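Take a look at the structures listed below.
Two complexes come next, and they have one chain in common, subunit A, joined by subunit B in the first and subunit C in the second.
Our next item is the complex of A and B:
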């Protein structure tokens, strides 16, 4: 009886793993089957010569270039906002915070990490409402608000990865510079951060992935289906994940739908690349750390 | 000096987290003062009759996420068994990489593929209608939360001292016996945590239910009914309306989701004392 039960467990476990693999493979192959044909330089730039598009000499109407540029600008801004704050907050959490303050902040950052992205989007939207009341007619949903909201979304991950990186420095290494007379800040800047640089970088790259893929936040804070290239912080913009969402319900012809699949492949490749880079960085780290 | 900057950054981040809650509370304040809050929680959604209850969305969210959990739990547990013990070492690593890759796939892509692959199948073979219903959404959501749960389960199962594992091996126990009688009994905290975390992610997801659940405003009676979740409701109302009680009601949705998240975080702290960020 027990033997049959154990056999059943083994069978079911392998079945689960194979099922997941099968779903993953069918998802990927379906994407390639439907969208593989359009992936190429034309998917991005349409019929405009790539060089002209990149130098902003001609506008791209039939390609993904505006959406890619929008996502790129958004991620750059959001990461630029979140990383300095997250790094500083993470250093505080690892090196300075103590007792109840540390407990309270940890809980708050946990809540922030767990907040559904639509709630973060709603917060960003509320911010525009409040700003709109303070400066009537000037500010609506726009790239800046989206970047602030996305930055807020990835902030807890940057804080957490910084904190974890610093806290995992071996005690011997942590105390050496201090014992030699270095100040706390010197120790952080010249010993702790450099030893853990790959770890910090890995955390930032994963945060980039999150910023690039999120759709719910930007849906509420300023993304639109057609806006052209992002021109200013205070205008609406296009983004790759929103384009995919939009196409899924609003495509007009098979060509557009195929572009949607192409966009999905593009976004997936970007996210996969980010994962791979983060993974490689972590691997080098674990090899380096084994020397201590 | 620099210590002050670090402290400022941390306190500001923490303060902003509280500020989000306060901001939603302030903007949704008319709901509370007019004594309608309870009515909104339990009432139905009929804007033409001045009824702005979000009860159907509460039911929708609960139904979608619990169903997703039911679909995902067996598969996640099985896969975690494979990763933790059953597979030979190199294969374990491969399955783990697969799980990490799945976690990295953007949500919108799951939804996009499901619309063209799963929805026609549901429409023609299983549920009829438009194919956009709670069952469809929860199936895809199950896939989305699986990596999260697997990561928790695996770390729980591997949380056994090496010498105990060697002892089982030395006694001639097979891997599955080691798994069932040594690793599983002590992994319950992590497994519970994984389940709570999975439920939290399922509740919080917007795109899948928005794209696949059908978004009808009537309270769903069955899994094959179309339904709307709290998250999708926020997205849909913002797209339609900027003013009035209809708009205010989305802050009630936001507050509920916020409080739910806080409860999830507290439960996780109580059970395993670990942070949510690690997945």
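Our next item is the complex of A and C:
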């Protein structure tokens, strides 16, 4: 009986993994089937020569280049704002917080992680209104406020992954450097963080994915359908997830819907590129953190 | 030549999670000797060692009372007093653990790590010292061609000698050894024992060991920890 039960569990585990993989592959295949036909230079740059668009000689009006650039800028800014704060908070939670303060902060970060993005979007929108009243005509919905709101949204992921990564360091390794005369901070910087960099990167990858896909927050804080390339932090911008939402809800003909699927493929490519950047940063940090 | 007093404990008391582990231990240990502490498992031998470098403070639930004086740079210092920062104490009172614990970095970086903590920054500054220390623990010839390999790729005995070399890198005056040969085969244990006998010329070694033969071979003084008390055996 026990053997059959064990076999059943193994079968269930394998089955679940294969099913998930099959769903993922089906989804990707469907995206390629529906949008693959339009993915190309034309979808990104429209009728503008790519070189001219990349060197900012000519504006792209009929392609997704501004939305791609806007997505890159938004994600990099949001992750750049959230990672230093999230890393510090995660280190505090794992290494310094104790007792009731730790319990209280854990509850707070859990609530933050469960906050619907539309609520964060509304908070960002309120901030926009306040800033607009304080600096009339100078500040409104813009890239910076969207990045701040998205950064706030992804903060709990970074905190949680940092905390988990540090707390999973084996006690023997944790006390090695301390026994050699390292201070707590030196132990964190020289041993614990370099050892757990891959886990920390996992949190950042999750955050990048979340930042790249969210539409509700940016709709309320700065994204528009047509704004061109983002030229400053205080201007409105375009983004791929908003384009996908906009085009798939208001398409006029099948060709436009196909462009929406094409944009979804491009969004996946953008995410993959951002992950490669995160990996390169991890490798560089790994080398710099362990000197000699 | 008479030996100086190196360590004095007075009314040493330690409790863990509300349970007394050590009670009223008065101890005087001499310089340049190997002092062995034996006793059944779970009696607090490792805890006793952690009192001398305050490593027990890194996990909560411990309560310490009493006084521990160690002669450091020629002067008896209260190691729980305000004048000695804990990181400075741990550089003077090194520790080698039961299971070899190389840091997840190269052999070279492992040995150089304590120097890096002291502020030495460039490879050229420490290369000579690393070679000297690896030679001192009879490891250099075995690893000289793979200093840039991960230290965890070494055998158990080599890892333990690496850990001893690392602990010696900042010239500790006391070396605490928590069953340093228990995870090693007899050949590797023999090498470590020879090394410890050499080291007592430079510092005081306080060693926890389960092996009576080993204790008889290398220890100058032997204590047994039982019923929260330390009894002198020889």
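Keep this in mind: the second predicted complex is superposed on the first by the 233 of 292 C-alpha atoms of A that agree within 3 Å, B and C clash if a C-alpha of one lies under 4 Å from a C-alpha of the other, contacts with A are read in each partner's own complex, and residues count from 1 in each chain.
Keep in mind that, in the parts below, a residue touches a chain if its C-beta (ideal position, glycine included) is under 8 Å from a C-beta of that chain, and two chains touch if they have at least 3 such contacts.
Remember, it's a predicted structure, so these values are computed and weren't measured experimentally.
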Touching partner for A:195 - first (subunit B), second (subunit C), both, neither: second
Subunit A residues touched - subunit C or subunit B, whichever exceeds: B
Partner chain in contact with A:23 - subunit B first, subunit C second, else both or neither: first
First, second, both or neither for A:186, with subunit B first and subunit C second: second
Touched partner set for A:59, first subunit B, second subunit C, both or neither: neither
Partner chain in contact with A:152 - subunit B first, subunit C second, else both or neither: first
Intersection of the subunit A residues that touch subunit B with those that touch subunit C: none
Complex contacts: residues of subunit A adjacent to subunit C: 98, 171-183, 186, 190-191, 194-195, 290-292
Interfacial residue positions of subunit C with respect to subunit A in the complex: 53, 55, 58-60, 87-91, 94-95, 97, 99, 101, 103-105, 108-109, 112-114, 116-117, 121-123, 126, 166-167, 170
Of all residues in subunit A, those that touch subunit B in their complex: 6-7, 9-10, 12-17, 19-21, 23-24, 26-27, 30-31, 34, 84-86, 88-89, 91-93, 95-97, 104-123, 125-127, 129-130, 152, 155-157, 159-161, 184-185, 209, 212-213, 215-216, 219-220, 241, 244-245, 247-249, 260-261, 264, 267-268, 271-272, 274-275, 279
Residue numbers on subunit B that touch subunit A, as the complex places them: 2-3, 5-14, 16-18, 20, 23-24, 27, 74-79, 81-83, 86-87, 95, 98-102, 104-113, 115-117, 143, 146, 174, 176-177, 179-180, 200, 203-207, 211, 231, 234-235, 238, 250-251, 254, 257-258, 261-262, 264-266, 268-269, 275-278
